[in-house]
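What follows is a set of structures for review.
You will see subunit A twice below: alongside subunit B first, and alongside subunit C after that.
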Partner chain A sequence: MEPLLRVDDIQTYLGESHILQGVSLEAQAGEVVALLGRNGAGKTTTLRSIMRITPPRGGKVMFDGQDLAGLKTHAVARAGIAFVQEQRAIFPSLTVEENLIIAQRGEGWTMERVFDEFPRVAARRRNGGAQLSGGEQQMLAIARALVANPRLILLDEPSEGLAPIIVEQILELLLKLKATGLTMVLVEQSFALAMALADRAVVLGKGRVRWSGAAQELRAADDIRHAWLGV
Partner chain B sequence: MLSDPTFLIEQILNSLQFSMLLFLLAIGLSVVFGMMDYLNLSHGTIYMLSAYLAYSIAGISGSYWLALLCAPVAAALIGVSLYYLLLQRVTQHGHLAQVLLTVGVIYFGTEMLRILYGDLPKGVPVPAALEGVARVLGVAYPKYRLFIISVGLVTMGVLYVVLERTRLGALVRAGVDDRVTAETMGIDIAKVFAGVFAIGAYLAGLAGVIAAPVFGVYTGMDVSVIILVLIVVVIGGLGSLAGAIVGSFLIGFADTFGKILLPEFAMVMIYLVMALALVFRPSGLMPARRFMAQG
Partner chain C sequence: MASRVFLRRVIGAGLLAAALAGCMLASYFTQDLIAEAAILAVFALSLDFLATCGLVSFGHAGLLGVGAYAFGGLTVLAGYSPGTALAAAVLGGLIVAMAAGVFAVRTTGAFFIMVTLAMAEMFFSWVFRDRTFKGADGMGGVPRLDLSAIGVDLNDASTFAIFVVLLCAAIWLALEFLIVSPFGRTLDAIRQNAGRVSALGGSVFAYRLAAFTISGGIAAFAGAFKVQHTNFLSPDLAGWLASGDVLIAVVIGGIGTLVGGILGAAILVFLKDFLSSHFGHWYLFLGAIFMMVAIGLPRGIVGWVLELRGKRP
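Up next, the complex of A and B:
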């Protein structure tokens, strides 16, 4: 079956540095793919390349049968991809509600429905984005991705910097979303969290794919984990 | 002098009136800078051009009101064309390139207007309905100047509602906060920016028309005001409506009262206000909150 997302041998430069030197990955509809690797491996750059924030200079990204080449970032988003960034990027000048209102698009997830799902965010609906705690920001970032009703969510380190109890809540939430059939590419430093969610995994090292396969196989692949993940 | 209440009230009204003109110019410059990181010094040229257009339209038709209606629209169209045909070519090249290019536009605009209209200052008569004086707290004050103050206050109110209370306003604030993130949410920031630029140019044009009967129309009117407008934007903080309002009031009052208290050193007062503001709040008094973003 043609995958929902197919990243094929992309080459991305930041300034003059050749950061991604041929990254490929695929996500079938309904699948969660973990994108793993040490700090600086190129995970964020891969997601930013898919969104065409840093457009690749070579290779190809296909989404739902459409070549994303030439699209602007907003058009990639409108094609059905949402991006939850590493730094959450909640708009500080907007209230919680406004952060959602400007993202709302399509049928399914509405602002009221995410407020039901995220009571902690709902309690802050009239607060400014700058007043939220880290966990609340992460919840809002995910909620904001959902109200765009995407077919694919790119998640960059959702557990980063959060207390274990919050990470637990985020995991539960992501499991729920997975059960609805939402496709995800998940970048994570927490190996346990990634393994709890992912069907397949791709391991990056120094801008190249070092391993890819079923998530369960990665548990067993000690040499790969030691060499490229340090776990 | 300042102990004379009549004089004091007059000067406060003069300060308000000047603050409003500064505000109409500052808001466009500030939001354009906040959103696209573009330092458009030729914003003042649009102000001047609109004043000349008002002179022509009022002269030919005999109607100030027609000029008030048409000149800012024409100024906005010219401003937007200028941006898309020329200015945007250096959006990615940093502030120095932007300053060089837009200063070039200032010279070009000044020379063109000089060729078309000659060197002598022009006047635009006050419309009949606003001739004469009205009493404010017992002080006789020109009606036309009260009109300027009203236009400024109404504009502030409308912009406040649109920017702070509507989805469109939220899109603009999102663009100022973090353009890339707004794009990742499917928002075409280039489109939002085009609208913002047009409104900024329109308000600069509006300022040009309403200033014309009081301050006259002459080449160079843009440069003398744009420096003060830049100071307003720096003091208030980039990209924020509240900042533009506060900055305009501070400079409007500092300029007016500086000229009374220290006539030899009027600019000293302004630089003093700017220095004090920046010592205590280096990114301006009320900047858009983008730098406090991620926790």
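Up next, the complex of A and C:
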């Protein structure tokens, strides 16, 4: 079956630095793929390349049979990919509601439905983005991705900087979303969180894919984990 | 605690009441200043609305000039009625802003300032040299709207002042509603972080172009009333000094607050009048006051008041 997302040998440069030196990965519809690796391995750059925030100079990104080459970032988003960026990327001077309203698109996930699913976000609907705690901001960022009704969500380190108890709640939430059949590509430093969510894993190191396979196999692949993840 | 939106509207209502009282009670000369301030306030609103999406123009007088010259040219030279000329002036402002915006809004920050300045100076040098509109000499005899059908005589100073104050209030209210709409909130989000908005699927270019176009229509509307007020058309109303004046008004009042532009316009007009009747080098004093506000109240007067009420949106 043709995967929903197919990243094929992409080459991405930041300035003159050759960051991604041929990264390939696939995500089937309904699958959660974890993108793992040390700091600087190219995980975030891979997501940014898919969104064409840092457009790859070589290789190909296919989404649902459509070649994303030449599209602007907003057009990639409109094609059905939502990006939950690092550091949450909430608009601080917009209210929680306004953060959602400006992203609302399509049918399925409405603002009311996300408020039902995210009571902690709902409780702060009239508060400014800057007044939210880190965990609330992360939930809002995920909620904001949902109201765009994407077919694929790219998640960049959802656990970053959050207390373990909050990470637990985020994980629960993401498991719920996975159960609805949502496709996700997840960049994560927390090996435990990634393993709890992912069906498949891709290990990046120094801008190349070092390993890919079923998430369960990665647990057993001690040499890979030691060499490229340090866990 | 009152929200910022509510406070903004209270300040606006207060200014409107003061202006209307002034129109009815004050001397002829003060009424004239109120009319001037109200027209500058409409112009300031157009600039501040654009600033919602993070763009600060230093050539907005060019768009005001498009409206002024369209109105003056069509009435004085082509003999059209002021009503038709007003509609054409606004349409002209929208079209010119959209065409200029296609190039200008691709840039931001200092580059946007320079591009808008350059475009406005192109317009300025054209009307300055071209004899169609009598060039640098300017052109008199620009008529005011004829509302005699509804029993309103705009040639009366008090009536004209009330009329432009009400127009300013109407435009302000319309923009107040526009900036809290999803469209307006997206513009504000673009100001905060344009990259995030495009990652959410919003075309930053399209939003900025729409804001610039709307802003141009309002600036041209202000221009059409500026020439009706003085009955005179001259190139300096489109020059960079005029662009600077309106920017000063917005910064003093509080950029990104809408009502701040109105307050700033009123302060600027009355301060200019006061300073110029006492000092020859009044721009020197205006400059000093501007610097003090810029350093002491970087968010302007209204911005400072809103800040006192906390961070709540």
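The definition used in the following text is that the second predicted complex is superposed on the first by the 231 of 231 C-alpha atoms of A that agree within 3 Å, B and C clash if a C-alpha of one lies under 4 Å from a C-alpha of the other, contacts with A are read in each partner's own complex, and residues count from 1 in each chain.
Definition applied: a residue touches a chain if its C-beta (ideal position, glycine included) is under 8 Å from a C-beta of that chain, and two chains touch if they have at least 3 such contacts.
Please read these numbers as outputs of a predicted model, since none were measured by experiment.
Enquirer: Check subunit A with both subunit B and subunit C modelled on it and let me know: fit or clash.
Expert: Subunit B and subunit C clash in the superposed model.
Enquirer: With both complexes superposed on chain A, which partner does A:180 reach: first (subunit B), second (subunit C), both or neither?
Expert: neither
Enquirer: Should A:216 be classified as contacting the first partner (subunit B), the second (subunit C), both, or neither?
Expert: Once the two structures are laid over each other on A, A:216 reaches no partner at all.
Enquirer: Check whether A:91 is in contact with subunit B, with subunit C, with both or with neither, and answer first, second, both or neither.
Expert: In the superposition, A:91 contacts both subunit B and subunit C.
Enquirer: After lining up the shared chain so the two structures overlap, which partner does A:83 touch, if you call subunit B first and subunit C second: first, second, both or neither?
Expert: In the superposed model, A:83 contacts both subunit B and subunit C.
Enquirer: Would you sort A:66 into first (subunit B), second (subunit C), both or neither based on which partner it touches?
Expert: It touches nothing on subunit B or subunit C.
Enquirer: So subunit A touches subunit B in one structure and subunit C in the other; where do those two contact lists coincide?
Expert: 51, 53, 72-74, 77-78, 82-83, 85, 89, 91-94, 98, 101-103, 105, 128, 130, 144, 148
Enquirer: Which part of subunit A faces subunit C closely enough to touch in the complex?
Expert: Spelled out, the residues of subunit A in touch with subunit C are 51, 53, 72-75, 77-78, 82-83, 85, 89, 91-95, 98-99, 101-105, 127-128, 130-131, 144, 148.
Enquirer: Note which residues of subunit B are touching subunit A in the complex, please.
Expert: 167, 170-171, 173-174, 176-178, 180-190, 288-290, 292-295
Enquirer: Contact residues on subunit C for subunit A in the complex?
Expert: Residue positions touching the partner: 182, 185-186, 188-189, 192-193, 195-204, 311-313.
Enquirer: Help me check something: in the complex, which residues belonging to subunit A touch subunit B?
Expert: 51, 53, 72-74, 77-78, 82-83, 85, 87-94, 98, 101-103, 105, 128-130, 132-134, 137, 144, 148
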